[in-house]
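Structures for review follow.
Each of the two complexes below includes chain A, the first together with chain B, the second together with chain C.
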Partner chain A sequence: MTDPDDVIEVNTLTRRFGSKVALDGVSLSVPRGAVFGLVGANGAGKTTLIRHLLGLLRAQSGTVSVFGRDPVADPVGVLSRIGHLAEDNDLPGWMTIAELMRYTEAFFPNWDRDFADKLRRDFELDPRAKVKHLSRGQRTRAGLVVALAYRPELLVLDEPSSGLDPIVRRDILGAVIKTVAQEGRTVVFSSHLLDEVERVSDHVALLVRGRVAYCGPLDDLKAGHHRMTVRFNEDRPKPPVLTGALAWEGGGPEWTALCHGRLPDLRAAAEAVGGCVVDQHMPSLDEIFVARAGAAGGSPR
Partner chain B sequence: MHIRISANDGVPIYLQVVNQVKYLVASGRLEPGAELPPIRVLADRLLINPNTVARAYRELEVAGVVVKRGTTGTFVSDTGSPLARREKNRILTERIDALLAEARQLGFTNDALFELIRQRDEALPPPQES
Partner chain C sequence: MMSPPVAIAWTIWRRHRWGLSAAAAVTVVVLVVAAVLRSNMSPGEALAKSAIGFMPLLIVAFYVIAVFSYGFDLDVAGGGSCFPARQFTLPLRTADLAGWPILYGAVAVGGLLLAAAGLLFRPAGLDIPLIWPAVLAAAQVAWIQALLWWPFGLQWTRPVVGVVLVHLPVTGMMVAQKLDVSESFFLAYSVACLGLAVPAAFVGVSRARGGIVPQWDWLSALGRATARTTAKPFRSALRAQMWFEWRRFGKTLPLLVTLVLPLSLLGLFLEDNTPPILARSLGLALGLTVFLAGMAGESVVKNNPWSRELYAISSFAATRPMTCAELVGAKLRAAAKATLVSWIVVILLIAAALVLSGTHRVLGEMIDAWLAARPVGEVIATVVAVGAILVLLTWKRLIESLLIGMAGREWVHRVIIFIGVVIAINFLIAAMWLLIHPEYHERVRVVGPWLMALAVALKLLAAALAVRALRRRRLVSDRTLAAFAFAWLAIAATLFGLLTWVIPGEVVATTAIAMGIVLIMPLARLSAMPLALAWNRHR
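Moving on to the complex of A and B:
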């Protein structure tokens, strides 16, 4: 059941905060070398899941395994191999960049001083600047330097791009690409910027209100969904009932559905209810996510 | 080699790379023997997954557009011309399909459409070279 090529294995993980269920029977695995995009609306459980991976939360039920180890029982064995950047990047504000780098270096035997200096220069970080005086973007870059400089086997980024300008977002995506381009390294990153996830990920998990709505290769997810416009001979006051349709929009004689299934089956289903497929194309991850989140009930975002 | 990736246009990203390289070859902007950027370099430049670039290069190799030469790199193949013709065909076919769809929508018969194409052809200045 456990695949040695999986860097992360989560099995039926459930987490409650009081009466609120944050994670509800979450199972997923992250293969080595993947760029794994964790996608979900605010409050869907992305950060809670990541905190379990880092050993900051103990599994109430279910199991979490990173590099084959329990991150709560063996924090040193796990965390020394992970580079982590959180959304609320809580670096010590009173330190200068140079102090921050020396301080972090002490924790990681693999720290690569030349690489760290190169990253710092590439990001145009002044070694004498205090962290608390940095702009949000520069603070994120400083966080990236200390997350990358020991060349971790696993890079975990929690909403790294939120609220940042396009130039810093480009640096973050560049860091993801460079990390995974090095043989065997793995990236997990959560984001609600789905076009970014679509660009760099090869695997995705969709979290909808604490549950995994999909987990697997991005190509398979996209190949299994179709955006299909169905035309009828007369106006329809409401969309038809169609097996595989997750969400509808449109009106009058033409309705467009985001569907899940095989295209021939979907065409046959449309014809069975008196419609004709006049247009179809592959949806974006964003469209699939909105349809999936909506189909699971409640508001999509 | 100029390639633009749009994550939201519904075409898989590897296919965007494949189509655009084919287009660049067909249009002569990438000449036979020209070297394509290494996978990591292109991935970093386009900000896409290196596996996606690798997949695109594999497809281009299978299609005969590029060849791998040992460990040195990926090059536009010398026998690019038959493919270029196919590719030119493909580019035009897409436009024709769109034109036909629009013509049908507007209620044109095929004869009326062909007549219109003839008229437009006469109205345009003749091609400079054959």
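Moving on to the complex of A and C:
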């Protein structure tokens, strides 16, 4: 059943390229106003999923719905409401920044010329510079200007951080995403920089080898995972089998586990195998992802 | 480990093995067919027909030059070197990188010329020299390689330099022939051309490898100073997309016409222009534009010229909020604009050449004679009909490969080329066979209209199927389809009216005119374009 508050609804989407399964029964939904981070290792299927959302790939099985429409059947109805920054950022090299802005403006009645100029100035882009003469980071900024200037209802950013230096990444990208979200619009962005996703997103989907390992609010994800250090009375050559443990590290009498579940249950489980929890804290998204990807048999990053 | 010459030969062969195999097959077929047919002909007839056999060999030569010049990756109008940059990091001397393709190209094209002279023309009775044409052909290949591999640093410099310099070996030889110089001079001249071209190609690759590219800072500064940053907004998305397409490929044909047409009009200044000679020169000049449109069509086909995947649509273009039909429409309109601009250039250049050469008086006499012989209305109708057909053919040639480009798959491109080569070879063999069997000509005249009717039926069927698929997939609205059908019928009816007026029924039957118009006017491919683009855009 489709939730009217969901901007994106993907159901059991599968995509194969030859014998390689890029997406394997992916189901997820993105609520309106969310900052939704798509997290996964290289080749996990993030870009493939985004290309389905844009209608650039046709669902081989399953369904994709954006604003309640099929992006392949109704490209105009969907694309006119989306701002998109592609991973390969293939803006036409022969255009100047001014031409790029003028050209893009024609497609979007909501184009805000003052806002576009402000963004261009903030991103320090010369309107007379040709796209092909820009650095990778400048090209990403140019892509961001034309993706943002018409205040799209949905902003889809595929690896927006690639090519951006750390300062721009932290200050500009973070501010852009926050602004869009504060205006009640929705952001979907993919990244393998997990600290960045953790800093700006409120919902995440973890993709591991084409499957969704988790999809939901970031706070729920973090609240449901715990990093526990368990001490035993004697040395143990290998970690114990503990319900909810996704990954272990350590040695001797002291082992640290990243676990999924309720904390009292996890403590009880540790005591049941002869251990005692001596330290516990909330793990970072990076730790959760590495543990989940490892548990699913994928390469973490 | 492979040695440098083997490794370079392998990389070229690996990429072009199918094309080179086809080229070799065409060469062998032409030479064998010519040898077989020659046995049934008188010497004079054999000589005349051998010229027909030389045409496919000439096409093979152009293909081979493109292969060994790395001409399939190039951006001719770009300022950089067309030599593949990935090869610059190979642990090879520049002499190896440049030298082996030069040698292979020279041997292939020189060998082809040698084969044509020794196995096609000489057995037919034309005693042409063997050595110097082959050396001159090798020099011409090296000239082209030098041109393509030099980094000029400024867009469009290469075509201009090409028009000014690249024809020099052949043009020089033609001048020398007029002066009736000795055979030894031709050989010395050909060797000298080769001797100049090879170092030029070496230096070009060396400069490109070392990043030594001329800086045109003053021009860049001028461009930046005059660049408009506050142009008026586009009135609609369609106009913006038309501008995009025009900027992407629109200037290619007008520029080609501007560069090449003046050369073809040189005859107006050099020859003794009697009415037949002037009519031939003007006819060639007008036909040249249609021919050049086919070449310029390559730039229309490439969806993504700034990417390695030439035919795939870029995600930037694919995410424009427009329907596939609107995207196709923008391309077609930009092609129409390019056609009209090119014909304006053609008319201006021809008018200028006529006035400057003084041949406008001869043309005036020809028109007066025509008006005296035929009614004014008929003369005007003929001019309008010929003009309309030329413009239509130019536009058609410009967009006829677009369907392949829209599909966005390299393999589709290759399969179509393969099928085209197979059909062309078979057609060539059939045409050559018919030439020496006049007893079948009457039968062909009887069967011809039926073959035309079959072609028309197939074309209409293909168009109907495409329209059905368009409607089923809702890629085009019924209103747009109706407008397209109305415009197509209006143009076809106008052409039919004009042609039946000016061409007597006893010369060409009315049904043949009607079928010819249906075959000339783009329909099936045009209808299928939104389908192909949708296939490419939503993979």
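Assume the second predicted complex is superposed on the first by the 288 of 301 C-alpha atoms of A that agree within 3 Å, B and C clash if a C-alpha of one lies under 4 Å from a C-alpha of the other, contacts with A are read in each partner's own complex, and residues count from 1 in each chain.
Methods note: contacts are C-beta pairs under 8 Å (C-beta built on N, C-alpha and C of every residue); 3 or more make two chains touch, one makes a residue touch a chain.
Keep in mind that this is a model prediction, so the values were computed, not measured.
Once chain A is used to superpose the two complexes, chain B occupies space next to chain C without a clash. Applying the stated contact rule after C-alpha superposition, one finds that A:E234 touches neither chain B nor chain C. By the touch criterion defined above, A:M282 lies against chain B but remains apart from chain C after alignment on the C-alpha atoms of chain A. Looking at the shared chain after the overlay, A:E124 reaches neither chain B nor chain C.
Across the overlaid pair of complexes, the angle with its corner at the CA centre of chain A and arms to chain B and chain C is 150°, in steps of 10.
A simple residue count on chain A separates chain B from chain C, and the partner touching more is C. Contacts of A:G55 after superposition on the shared chain: chain C is touched, whereas chain B is not.
In the superposition on chain A, A:L173 contacts chain B only, with no contact to chain C.
Judged by the touch definition given at the top, the superposed model places A:D114 against neither chain B nor chain C.
Contacts of A:E183 after superposition on the shared chain: neither chain B nor chain C is touched. By the touch criterion defined above, A:H84 lies against chain C but remains apart from chain B after alignment on the C-alpha atoms of chain A.
Closest CA pair between chain B and chain C after superposition: 28 Å apart. Residues 51, 54-58, 72-73, 75-76, 79-80, 82, 84, 86, 88, 90-96, 98-99, 102-103, 105-108, 127-128, 132 of chain A touch chain C in their complex. Partner chain A is touched in their complex by these residues of chain C: 224, 227-231, 233-237, 239-241, 243-244, 247-248, 304, 306-307, 314-316, 318-324, 474, 537-539.
Across the complex, chain B is touched by residues 35, 170, 173-174, 177-178, 180-181, 195-196, 198-202, 219, 222, 227, 281-286 of chain A.
Residues of chain B touching chain A in their complex: 5, 7-13, 39-40, 43-44, 47-52.
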